[in-house]
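Following: one structure in structure tokens, then a few remarks.
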Amino acid sequence: MAILIDSDTRVVVQGITGRDGSFHTREMMAYGTRVVAGVTPGKGSQMFEGPNGSSVPIFNGMDEAVRETGADTSVIYVPPRFAAGAILEAAEAGVDLIVAITEGIPVLDMARAHAFARDRGVRVLGPNCPGLISPGKSKVGILPGQIVAEGPIGVVSRSGTLTYEAVFQLTTAGLGQTTCVGIGGDPLIGTNFISCLEAFEEDSETTAVVMIGEIGGTDEQEAAAYVKENMSKPVVGFIAGQTAPPGRRMGHAGAIISGSSGTAEEKIRVFNENGISVAIRPADIVGLLKSRLA
Amino acid sequence: MAILIDSDTRVVVQGITGRDGSFHTREMMAYGTRVVAGVTPGKGSQMFEGPNGSSVPIFNGMDEAVRETGADTSVIYVPPRFAAGAILEAAEAGVDLIVAITEGIPVLDMARAHAFARDRGVRVLGPNCPGLISPGKSKVGILPGQIVAEGPIGVVSRSGTLTYEAVFQLTTAGLGQTTCVGIGGDPLIGTNFISCLEAFEEDSETTAVVMIGEIGGTDEQEAAAYVKENMSKPVVGFIAGQTAPPGRRMGHAGAIISGSSGTAEEKIRVFNENGISVAIRPADIVGLLKSRLA
Amino acid sequence: MDIHEYQAKECFRSVGIPVPPGRVVGTPEEAEVAAEKYGGTVVIKAQVHSGGRGKAGGVKLAKHPVEARDYASQILGMDINGLSVDKILITPAEDIDTEAYVGVLLDRKAQAATFMVSPEGGIDIEEVARTSPSAIRKLSVDPRYGMLPHQAYWLASFLYDDPNLVNQARKIIAQLYDAFVGSGASMAEINPLITTPAGVVKAIDAKMSIDDSELFRRPEIAEMRDTSSEPPSETKAREAGLSYVKLEGDVGCCVNGAGLAMATMDLVKYYGGEPANFLDIGGSSNPDKVVAALEIITSDPKVKVILFNIFGGITRCDDVANGIIEATENIDIELPIVIRLTGTNEDLALKILEDAGLSAYTSMDEVVEKAVELAGAA
Amino acid sequence: MDIHEYQAKECFRSVGIPVPPGRVVGTPEEAEVAAEKYGGTVVIKAQVHSGGRGKAGGVKLAKHPVEARDYASQILGMDINGLSVDKILITPAEDIDTEAYVGVLLDRKAQAATFMVSPEGGIDIEEVARTSPSAIRKLSVDPRYGMLPHQAYWLASFLYDDPNLVNQARKIIAQLYDAFVGSGASMAEINPLITTPAGVVKAIDAKMSIDDSELFRRPEIAEMRDTSSEPPSETKAREAGLSYVKLEGDVGCCVNGAGLAMATMDLVKYYGGEPANFLDIGGSSNPDKVVAALEIITSDPKVKVILFNIFGGITRCDDVANGIIEATENIDIELPIVIRLTGTNEDLALKILEDAGLSAYTSMDEVVEKAVELAGAA
């Protein structure tokens, strides 16, 4: 078991012929992801060459791609200027999950795109996220396949490389993962912590969850309340940005302390109050997890 | 029984202090309609004086009006410039039925307003309609109460005075009505023939229906197909505009033959094909109805 | 309200749609000057609110300025489907490789702006929709989100295979939606949308109708109304706030309510007459409106009888009767007037009218039969 | 991106919000001229991206032009929360009857532009939201429909009872939403919105932040950026496409990924050091980016050690190692450099770095401890 994607997931890549899109499509295919279609307007009826002589048909539009290939998940590597439009197109074409990798999409565009996806009951992951991976089954996005391993830990994070850091430590310590999900560093994201925690709680193979948050917003605080109310599985948390100054955007568009709200201090306090074990250093995650699982 | 409104209907009048709004509010109250609130921004906390010493509280907004009085139906007498906004406000405030009397609302405004009401599951009647009356129970809109009578005939029409004409003949002939509904003369209306026919078919007291259409669009044709498929009760139809030239708007914004579609000839043909008895003159309606009910 | 081709083109240009240049002129001399300015072959097009201008001889290709002047003098003053041409548009002729159709209108069923596009241009879209619907791609635009980029692309890719042409058409389709919404239109059409041998997509014809209900907030578009293209009586009716359409018969109709007005015209026809007009005087008993209505009806020399058909609902019949009497006293009318008044207080009303020497009825059939008879006898 | 008060006011004016006139000047003499022009009492306001300007002495009332010049020379060059004032805004002083607050920001939870209004002006809205939430009325605008008329009215009627004032405020609120959306803002605020004794509603202060992701399509707003109000290193980082925030410590941090960069800073602090900066060099191993990063870090004289923390995921560690070596060869650096590289091919990478004489680690804790130690020793 895993959450959101597994070995049956049929993936269409939007922006498959771009630099990032083509690179990561080959990475996904090499990992074993069932990439069934690509979309690049104007390149329809060409074939995308994958690794080891494999290939994937390219379509001009999502509508056709989904109709012809039965894709149920889309991953978006198109530039910020066109990315919200790509999300709208994917939602209209009727996939179940849209993984938006693109960073720098105007937030007002995303407000509309999220509303559109909600109207249609389509889940969006991201934007500005590294995607997700269910080790041994499927990866959708840009997470490096070689640092994960199959196992019982669920990982959910707002960050990219910090997640790799944590996952790599888990893997090195022999703690494999059911699914690692990067929910994205933007202020308006489609899938939040709670929604992933819910899925991990329901997933029979997941025995514990690592939740990696950062400054900005109150998603972690709400997730903490959710954990206390609804989670039977242990949760270990980490919050990045204890030294971040207020009012400055720390890389991620969503990583900003507004006035006095969204600080790491507050989030850590709320984690502690709600039974989440807080790692002060990334290196502490494995130890806390082991003690909670013992 | 009746459709859409009955003696329990609690009405709020939007634009109650305007010329038309105040006049028709008094008419409605005199007829026995339960007018429970009025709305005119800036006149909140005043009272509207009805007939015979009765009065109705005025509110600044629909939200408050609905909350304070439990109104479930709104009727709109505000000028075209503000009318679509009034519909949005009523839909957001959570009434079940919005009766939009106003003529001349920009059609693109209405496209948005209809979408908004659909999103919220709120029924709109009109715009550019005379409203509706369930004789002896309630009237909402501008239909003259003195020409109707209680009885078993359902009447649904795109027109105003032509409806009065037909209803008056019914009443004079001893054929009272369950409900008379004016669905409006605009191209984009919230409640169409089918939706009223459905309600009449379900209404146990209605034994037959008079449907009065006119040139423009294909609402009558679709209604005819519905009648054939789904109606057990006899339907008598009339179509106005047999002599209307193509391409010209005949008063109602919706009464226009586009190219060769939406002609009276076509509608009459489709009525005949689907078992609707067609009155060639308004004066024939009563006779046809009696023969179908015999 | 229909606007002229040159006005629609101006609107299209303002949103960025590639439209060849053009100049509107009213004399053959100006046509020659314009043709000279453009050089080469020009197209001369009658500016009237009518389809079938080409067939009627209202569109000509002129190879040099003198020819342009000659054609201009033929076209100016021409009658096209009852409309007199007093303006022509001169535009440089384009080399045409392919012709396509792009149109958008407010669709009643979808309750939304709805595009229809076809790779065949110069067509009657309604005809094609009926005979070969597969030649058309159709899309309704959700008013909550507007035209989405992939939707414009989807429509454009039905017109062309070449990605370069698709890309141009995609932009034009999105711009056409902007023009449509930005002008409060009920219809906008590019027919044909051409490609040139050089691979450029352009709109060489333009048609647009504006929702009358939008004009109050778009004075710049309201000003585009060309009253020279309609009967003066319709101009006058609009100014008086009356819904009026001039027809060709002799029974002048004055009715309250649009549906009843149509039904009255139909009944005139049923009894063997011909209605002279559609006229809805609305719901009030205001004598000023009745005066305006009578002036408009009597300005039509064909009218031989005036027929009132009034249903008194909320407005009481006696009030209406008094209004009619006051109006007829204020205006000199030679024609016979027959009046039908029914509804609330009709007995009272009939008495008032008869006392004033006017023929009054309560039955719609009776009064119409009488009016047709009077028109036949006149 | 924050814009200055005077820029936000210009934006507000362009959508019709009533804003008193103003003139931005850079010298006391110009301030005197502006004060003379307006006559009467003027307000002199420091234009810096910082709250609390009033408390810091950056806002003054001047009764006559000479006083305006004196205050201007006090305020110009002043340091407000670390920012030097080089522009001041001169506006005529207004008679104030009441002060209210109107603001809109992108709310994460509602995923929509969300208004907050309060009849108390000049407040810290966040503080009020915490301490007396009932003093605030809040409304999220559905992005599918935009601001609806009755919503603006509902907000406005929380500010005032007088229908005349409500009506003015209703328009201002709708216009503020237009300004917000039209500029791609993430925050816009009128604080205070005043009423004058004559019953006129006006915005006398204006604050606006623009979503950085909007700037690519809004060049006119991108041009409003005032680089004089930020450290030159931040300007340079932005031009090089790097996320960089200057801090006050001495450990220069160069990390791939925003989350890891923050975690690295936190770990520096954990081991008793102080990070000199936040810096995310992104996911590539491109030496040009590393060169730019090193130049930016070393331009800060406080920096005593350079700490690389790189997680090689898709990008292989050996590639990154080669990139760092190439970069350090192209730039002259006196400071100690410590590097942590982990992930794919890390063994290979460590060897490459050590061969080049660079200190390399695989543990984040180890490298950070080392960097802090080196900074302390320097």
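Note that the chains are named A, B, C and D in the order they appear, and that numbering of residues resets to 1 at the start of each chain.
In the analysis below, a contact is a pair of C-beta atoms (placed from the backbone, for glycine too) under 8 Å apart; a residue touches a chain by one contact, two chains touch by 3 or more.
Predicted, not measured: the structure shown is a model, and the values here were computed from it.
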Comparing A-D with B-D, the busier interface by C-beta pairs is A-D
With centres defined as the mean C-alpha position, give me the chain A-chain C separation in Å.
55
Taking each chain's centre as the mean of its CA atoms, chain B sits from chain C at a distance in Å of 27
Hunt down the residues of chain C that sit against at least two other chains at once, touch-wise.
144-145
Multi-chain contact sites of chain B, meaning residues that touch two or more partners
112, 116
Touch-based graph of the chains, sorted into line, ring, star, complete or other
other
Could you list each pair of chains that touch one another?
A-C, A-D, B-C, B-D, C-D
Spell out the part of chain D that touches chain A in their complex, as residue ranges.
106, 108-109, 111-113, 124, 126, 142-144, 181, 184, 186, 211-214, 216-217, 243, 245, 247, 255-263, 265-270, 275, 278, 280, 283, 311, 313-314, 342-344, 363-365
Parts of chain A lying in touch with chain D, wherever the complex brings them together:
23-24, 27, 80-81, 104-108, 110-112, 114-116, 142-144, 146-147, 157-165, 168, 185, 187-188, 212, 214-215, 217-219, 238, 240-245, 248-255, 258-261, 264, 280-283
Chain D to chain C touching residues, read off their complex:
144-145
Which residues of chain A touch chain C in the complex?
41-43, 60-63, 82, 85-86, 88-89, 92, 112, 116
Taking the touch rule as given, give the residues of chain D at its contact with chain B in the complex, in rising order.
145, 148-150, 153-154, 157, 163, 166-167
